[in-house]
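Take a look at this one; I'll ask things after.
Think of it as A, B and C in the order they're written, each chain with its own count starting at 1.
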């Protein structure tokens, strides 16, 4: 095939910088062709099932689109409606609360557990790692349904234990969101702990020993030596936890459906709710577009931070 | 301070962080308490699945099934639970295999080839990575129905999962660690593109593929949303979806639901514990490189 | 080595496949129309998809089999495929199918969705020809089977939504004196007194319930129960007489809501802002609460095996002792316009068979657990003791609201209002005014 001969004829490739500069045109073309051949399988799926639907989604968001079909172009009306919709405001605030509470909590706690267990003997270490990872492999639906039982006002073990019979954890605005965040926390923490244990294990021991000989305190060792060394891991943990928190859906759909009084409504859930309960597909797509933009902004900030550090 | 340092040096194999015994005891106690908190839901699923209706709805705590029964499982198997289990294994497994193939090919190209449009493509991939599936599900469903005629089949879940660009991103990170010199050496030897990939690249990114495989499998298994919107008929439901639907219909028939949850989680937990080493290694590797 | 070659082949195949797929994809527009053309349906065999909500015994889709068999004996060319959908997420499934251009041919549900959603969106076929010559369907049903004078639904069965009490618990609490066991009615004062008696018995440990009843307001379905409770207490309606406004803020409805709020405060009535109707029913079946506000024959049969007590069907309490119950259903079928006349004709044939055939139709009605829409069929449950209470309830049927404009949006507002009033003790008049303002705004849209 073409790549074969290309490689044979031009065995030595120029040492390239990051871009295609300094390469002959023919070489660029050959590289491009062979690269796209490798990329093709992934691109087919990516374009067909992510990129195209994304464009259609933006397109729909400009229409009055309900179950019966498209009823006409409305321009930015869906977006204008969005900014006046109290449910959307509530959802936006809740989404931000979930992200702002869950992400730091998961990161800090997993770092603490990671530091606490990475020096333990292999068996204890894998025991704890395993325990914290269990909710992830148990599956979000299984975890959600068992928590729903635990929190049930009458038959749930929690009320029976602490003697608050009849208290409705998921039915009170005060506690519903807290419960959602807590359960999200238990299902998010496994992976960061595994990552931190590995990252801390890779920190060079000789530097730490040397620092301790020089009289560095425990805190100094942590902030001056370990923290910079595990920085890439921390950033990675932040990114995946943020995405996870934004995307938490099963928890809300199965436990509260956004209630009570929208206390657990998130933007994510509102997309689903508008489309499938209210049949307002154009509006749902508009919310989706806004959600995508919000997540893009969050990710961009995190990638910026990652670059500057 | 110096005396303190001396003790630390002596204990360095046990503890390099210079913590007092009191703190260590505190740590262990907290860890054990939190572990109980994490293990409890699983314990509750398993014991709950064997409790008779009366114990399930008891208003005082019943820590262990007094009169264990398999009735909940009998009622679960009135539904095609094994078919649902097969469906979710098939979806996760197929998505895993396809993602590993497409992502390792593409990741290698993105990392090691200099081609026109690379920067743009990479940016698009990064952007799309954070995109939630909920956003595009309406057009996606229409596409599945009208263009591919795959609506209400397991493929309607598998294909979009494979399209998700996270795998490409991860494999790019791995492929970047391949020294360019080795690739050039292969070329000097007259190896074609495909052979270079098979004999040189693949062995080097094998651990990465392992990590990606685990990731994809677990994430697909847990991707309740896509299953919910793509799978309509009972024959194509997955076990997590089936449990969710049972919960909707039967409401607080927790015994039945716990039996379903146990069936959905125990197999994957057993696999997880058996392969724990590879699991954790794979995950850790993904991050170290990423 | 062998393995590697196989792998290499697989990779190459994947690449080749994707490339051809990609190339083909570019020009797929002309060939894209082929699949629809490749299923010719003129004259020959037709396959119909029937989306069946979980109404009574049809929760188990196997219940359709004998009916389909009987239908196929007369129409061997038509294949019927049942798509079971639930109230839990049926809306989502159907939205997906309809928006995906893959709508079912027939849907089995009530006017709320058939007329309010599908007919309103212009998705249905005119069924007026099925109605020709039909005389034994009461006006209350025929009037809700149409939109702007055109029939879009053909009804099968009907029932009344009522409530039920735990007979033994009432007996133990000495509360049976407050109900009329003959007519199964009670006044508002009786209801309050019964709840107080139950509460006293609970406090004394005579009965082991957690709540007398649970006002469930966790959204999703079953709202007819809470609606009927509120509206009956002081004999008012959910929608004003002329249908131009929602009515929760009327003097009597506010009075009713305030009464319930007061009962919740005193603990003589429970509330759960996370429970849906199904949760409340399960709590009733478990003996967690002494009454349910969401009862009908279908629920009775579904929970009968689980209950360890006698669920005693009751009408909703009313200050004048004359309850007005909401119609469950009427459940019927509609035909979607999927642009294929052969399918439409076959679908109509099927609808007519299910609802009009004296054998299959009776079978179908019995499966729903309700009563036939055809009054001419008489008492199909003759001699069946368990049906008698529900047959009695049918006599209390009141007005039908579910076709009021803005119905779907309004349902989403009703729950938060209840949650605010019962859960957080919000001012009733304010919350009700707020609800009516928003619900009426939805009427226009």
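Convention: a residue touches a chain if its C-beta (ideal position, glycine included) is under 8 Å from a C-beta of that chain, and two chains touch if they have at least 3 such contacts.
Please read these numbers as outputs of a predicted model, since none were measured by experiment.
For the criterion of most C-beta pairs in contact, the winning chain pair is A-B. Ranked by separation of Cα centres from chain B, the top chain is C. For this pair, chain B with chain C, the centres built from the Cα atoms lie 37 Å apart. Computed from the mean C-alpha positions, the centre of chain A lies at a distance of 13 Å from the centre of chain B. Within chain A, contacts with two or more other chains are made by residues 37-38, 41, 43, 48, 154-155, 165, 272, 275-276, 281. With touch defined as above, residues shared between interfaces to two or more other chains in chain C number as follows: 14-15, 18, 89, 92, 96, 99, 210, 283, 286, 288. Residue positions of chain B touching 2 or more other chains, listed in rising order: 57, 59, 101-102, 105, 138, 142, 194, 197, 228-229, 252. If you check the complex, the residues on chain C that touch chain A are 14-15, 17-19, 21-22, 25, 89, 91-92, 95-96, 98-99, 117-118, 120-123, 210-211, 217-220, 270, 272-275, 283, 286, 288, 408-409, 412, 415-416, 419-420, 423-424.
Those residues of chain A whose C-beta lies close enough to touch chain C in the complex are 37-38, 40-41, 43-44, 48, 66-69, 153-155, 165-166, 168-173, 176, 255-262, 272, 275-279, 281. Of all residues in chain C, those touching chain B in their complex are 4, 7-8, 10-12, 14-15, 18, 28, 32, 35, 54, 59, 61, 83-86, 88-89, 92-93, 96-97, 99-102, 208, 210, 276, 278-279, 281-283, 286-288, 306. The touching residues of chain A, when paired with chain B in their complex, are 1, 3-4, 7-8, 11-13, 16, 18-20, 23, 28, 31-32, 34-39, 41-43, 45-54, 56-57, 60, 113, 115-117, 119, 126, 128-143, 145-150, 152, 154-155, 157, 160-161, 165, 186, 191, 194-195, 197-199, 202, 205, 208-209, 212-213, 215, 217-218, 221-222, 232-233, 236-237, 243, 246-247, 249-250, 253-254, 268, 271-272, 275-276, 281, 284-285, 288-289, 291-292, 295-296, 298-299, 303. Chain B contributes residues 53, 57, 59, 101-102, 105, 138, 141-142, 144-147, 149, 151, 194-195, 197-199, 202, 228-229, 232-234, 245, 248-253 to its touches with chain C in the complex.
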